[in-house]
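These notes open a run of structures that come right after.
In the two complexes that follow, chain A is the common piece, with chain B as its partner first and chain C second.
Take a look at the complex of A and B:
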């Protein structure tokens, strides 16, 4: 019995001739992508970790300076702005975005012509950030469409883009740009829930909220978790919209509108007289990366449930 | 089940790290140190020029024509690449292995980072080269008053300027025909001028919400150029205690309080305000030499661009800020000889005139007639000049971006009053230097 089991195991380990041949070609097929990925991403990333402990202008040899760049970050108000703005995007925008996406998803589920509306709200996601920034400015500036609309009702004008509000305008725009994308992801998750669950629940006399709470949410939970991870990663990369919306004529936006990505740009090659402080920028990027990893791990723990097997 | 979930989770985390790393890897570089002391040619038959212009810009047309004339005259081929405004940031990574370009151009400010790293060639020999077909050298056609701003830290010229820019208070000379000849001499005169504009049914000023000129230039008039610089360099922040700083801030605040600025300006950008001003909604607009060419498409019929300088304040300083766009040769350029020959050729009156006639900008040569709309500006630049914005954006770029610019915007848009501007400026400077050290 034992030897027979072993025999089976050994046989499985070797697999069929086809499986063995398949395994042999994995290496050659995987290697080019792996090599490119290592050269283009992993090595530069590792180098960035090293550079964050140096004084480096991007073209001379880096000089070791220990943790001074990190010390600097704790005192640098621009980095604090950038980091907290990124958190505002991540959590503030994130919560609003997911509530809105769920609302749209629930509304659209039962609706005729939902594909069209879904496509319509997805549209901003495929348009370039620069074009969206121009449109947002056109909509909200003092002589913009919104104020013209208000004027026809005898209201306004309102300074939507006054400096104190400008970052909020960015937050709203980011929600607007991303809602369609997350509705699509959530919809895909919800679509695979078999309709008979809902039918049965209806027969049992449940209301919409109960059906959402006890069927939709638990059965699409893994999709929500993945979407939350995607959103976390996405927020760190939000950059060109802010630059195009708040910067002007090659100048950087003011630091109260910086995000982590903008900080890296501002400390290196951004603005009309770039600073080329790659060491400090790398330190900022490392701190952000660590924060993202922490958030992602926590998110995965919080949203961890057994996956729905249908 | 558990294992597959862990693998799945690990995969998602790995993906998260990888994607975040993509933004990180922007910092990294796989370039290896190479020999920057490349072999130099002395009889190059071609060279590579990386330009700050886009191909369709008027400056590019002027340079293209000069390059064709140069090749016809010397047989040296010019390989032009239109890199755009971020030419220097594109050039920087190539310097490790020997510059990819033999010639580049940008403003003194943008070239500042290369100069600070000693990566630009000494152009002394170019300055003493006689311009082909003329009797003067390159150095002789550049006014002496400009030269202190064209030198590197070793006192050697690093840039051959072909375009000069400055700032002024722009107006429509068809509405204020005598103003250029009789500019306001005091701040009271200036305010009287604004009242006159209001009497003519115009809001006196168009100011963008991210304006830096008003506060900076009024500070320069109050403190003088060195005094302005001290605001950045004095690590104790004591320079901000000078009552003149508060006075300058109060003058700017008063413009806002009095309602001299177009409504809704706090949320506008320069391009909006420039357009509103050109359409005649406001009488004056403080900005740079580029205004006439940029605002022309929006200008009302009969608009005549002209400018004045701000009047003297307590320091008595009436200098004009000056900025330069010009050619620089990277130290590791292989065909510097050919590049310098081209620069000398471009400085010919015949070629350089295109910058004035076609690109409608000022040139450093005083024997080239400036475009009519820049005549007053050109005249102002024949007096004493100072490095534009006191060179703060180069010498103290980080402080300017993070401390001064946001505070200036807070003041001009009324988020802070003058007293708060001073206290924030002082504390911000102290904090900045503490964190920078």
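Take a look at the complex of A and C:
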């Protein structure tokens, strides 16, 4: 390991006995995690970039075919659906989720039992998406609970899961699952605002709206930015809820419900008649990763600038 | 690299759960102005409570009653749903698989991550900063980009449809977060004991195992818990790498059960018993270690 020897050599050069001892174990302590992570995480990432330019079934050797996979993606309705649905989740769902979470956070700060509530609404975040999908399906099904409830008020059954609504049902469920998590993150950020800011502002005769506008909001930009980055990374992982909610009889959901992760699964080994187009699926994954990187960089720019204006 | 500040911040946040001063005191708005908001929050809370109560109660009802009287309490407790789910629905073996995978993956991840996090957290130089960044990079890489080359590797090593193979993958994908989490814990520990140990001539390996690890017990517990939760619920990799029912973990057993139901007719009581088997351990864990879980999961936002 070159990094290890480097660490040791530096350690010999300078430092207290403690620092020297610590540096002696630097390599051996780091190596197992670093090697495993490199071989089974970073190299596969790099390999996906390469494979996206090849024709590959996952078993035989990939054959170079230039940018054909990417050309194909631009005409592939399944990929377009998957990509735009991911964007819909990222921005549509995201804006709604953040407004809701921010509002809940502000309200909770002034409510009794805030710890209890905060802990409670966190719950959906730590249970299986498949389990929640089973519940959600039972809720919205034609014979489901919501229609049973409506029926007892004499209202007719509503087809909540008709094709043009089904993805919206998913969006709402995703907001529900994540609200508690983002409330907690935002709360932790706002809790860090020094209380004397509020005290001084109050002495200056401000009202609560002004304090919100000029203290809470600008001071929480930082954590909103971080939370937005977490959300961006999180959205492209959304998979099992949709699979369990919209898939039927062993088939994958129809492509208009697909997301980026579903595309990778569907174009390779998923479904009743797998396609094994690993090359094209890699290209799809690369496009997703690039989109994530772009969004994260832009988010970082935007939020750090706003913070500086303060 | 600001690992040190992350750690101390995380710690101070942990020590300061609810200082009354932290709330923007003295917003003396009229209470009724906030009422719609508070009502909305309680509605949300009620829906969350309803979800889990409904799942648990329905697991004890007959399919007919779940479907036709969803809001009624169970009249008789049908524990046979649970035994049906456990024996015939495939949830029993899946539960055992899940436990094996979760325990092995969580222990393996922490075993690998903690020495690495220790040297990265306590050495502040450019090399450790660079390596830390290299691990943090993994936090932003979605699973779908690594999964296909991994599939090819695992196929060559005959580790497809193999629980040991899945455990290795779970360890790898949880490394970035766990290293990141533990790094800030180790960085926040006081240095005196370590220095004293060095003066007494205790070797660096021994210092780590005997002194620093016990000190970081809280962090290790958090890491174990979070990896366990992540693996218990993980579906995408399991779906990619497991093929036969005998190897299924709980999320796959549930997906499989939902699919089967669509062919063989639906038994909602048994379905919710299966859902409960997947959900209940997480609820119990959360009841036990709730604060640790929420703080650990939101630590990433403190950077």
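Note that in this section the second predicted complex is superposed on the first by the 279 of 310 C-alpha atoms of A that agree within 3 Å, B and C clash if a C-alpha of one lies under 4 Å from a C-alpha of the other, contacts with A are read in each partner's own complex, and residues count from 1 in each chain.
Heads up, the rule we're going with is that a residue touches a chain if its C-beta (ideal position, glycine included) is under 8 Å from a C-beta of that chain, and two chains touch if they have at least 3 such contacts.
These numbers were taken from a predicted model, which means no experiment stands behind them.
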| item | value |
| --- | --- |
| Which superposed partner A:256 touches (first chain B, second chain C, both, neither) | first |
| Touching partner for A:160 - first (chain B), second (chain C), both, neither | first |
| First, second, both or neither for A:300, with chain B first and chain C second | first |
| First (chain B), second (chain C), both or neither touched by A:248 | both |
| Touched partner set for A:77, first chain B, second chain C, both or neither | first |
| Touched partner set for A:63, first chain B, second chain C, both or neither | neither |
| Partner chain(s) touched by A:271 [first = chain B, second = chain C, both, neither] | first |
| Which superposed partner A:195 touches (first chain B, second chain C, both, neither) | second |
| Which partner reaches more residues of chain A (counting touched residues only), chain B or chain C | C |
| Contacts of A:151 with chain B and chain C, given as first, second, both or neither | neither |
| Shared chain A surface residues [contacts with chain B and with chain C] | 40-45, 47-48, 51, 58-59, 143, 226, 233, 236-237, 248-250, 260-261, 264, 268-269, 278, 281-282, 285-286, 288-289, 292-293, 296 |
| Chain C residues touching chain A - in the complex, by the definition given at the top | 9, 13, 16-18, 21-29, 34, 37-38, 41, 44-45, 47-49, 51-52, 54-55, 67-68, 70-71, 112-113, 115-116, 118-120, 122-123, 125, 127-128, 131, 134-135, 137-153, 155, 168-169, 171-173, 175-176, 179, 194-195, 198-199, 203-205, 207-208, 229, 232-233, 235-236, 239-240, 250-251, 254-255, 258-259, 262-263, 268, 271-272, 275, 278-279, 282-283, 285-286, 290-291, 293-294, 297-298, 300-303 |
| Residues of chain A defined as touching chain B within the complex | 39-48, 51-52, 57-61, 72, 75-78, 137, 140-143, 157, 159-164, 166, 226, 229, 232-233, 236-237, 248-252, 254-256, 260-261, 264, 266, 268-269, 271-278, 281-282, 285-286, 288-289, 292-293, 296-297, 300, 304, 306-307 |
| Footprint of chain C on chain A - complex, ascending | 3, 6-7, 10, 16-19, 21-26, 28-30, 32-34, 36-37, 40-45, 47-48, 51, 58-59, 103-104, 107-111, 114-115, 117-132, 134-135, 138, 143, 145, 148-149, 176, 179-181, 184-185, 188-189, 191-192, 195, 198, 202, 208, 211, 215-216, 223, 226-227, 230, 233, 236-237, 239-240, 243-244, 247-250, 260-261, 263-265, 268-270, 278, 281-282, 284-286, 288-289, 292-293, 296 |
| Residues of chain B that touch chain A when the two form their complex | 1, 5, 8-9, 12-13, 15-30, 33, 85-86, 88-89, 92-93, 95-96, 107, 109-110, 112-113, 117, 119, 208-210, 263-272, 393-394, 397-398, 400-402, 405-406, 409-410, 413, 415, 428, 431, 434-436 |
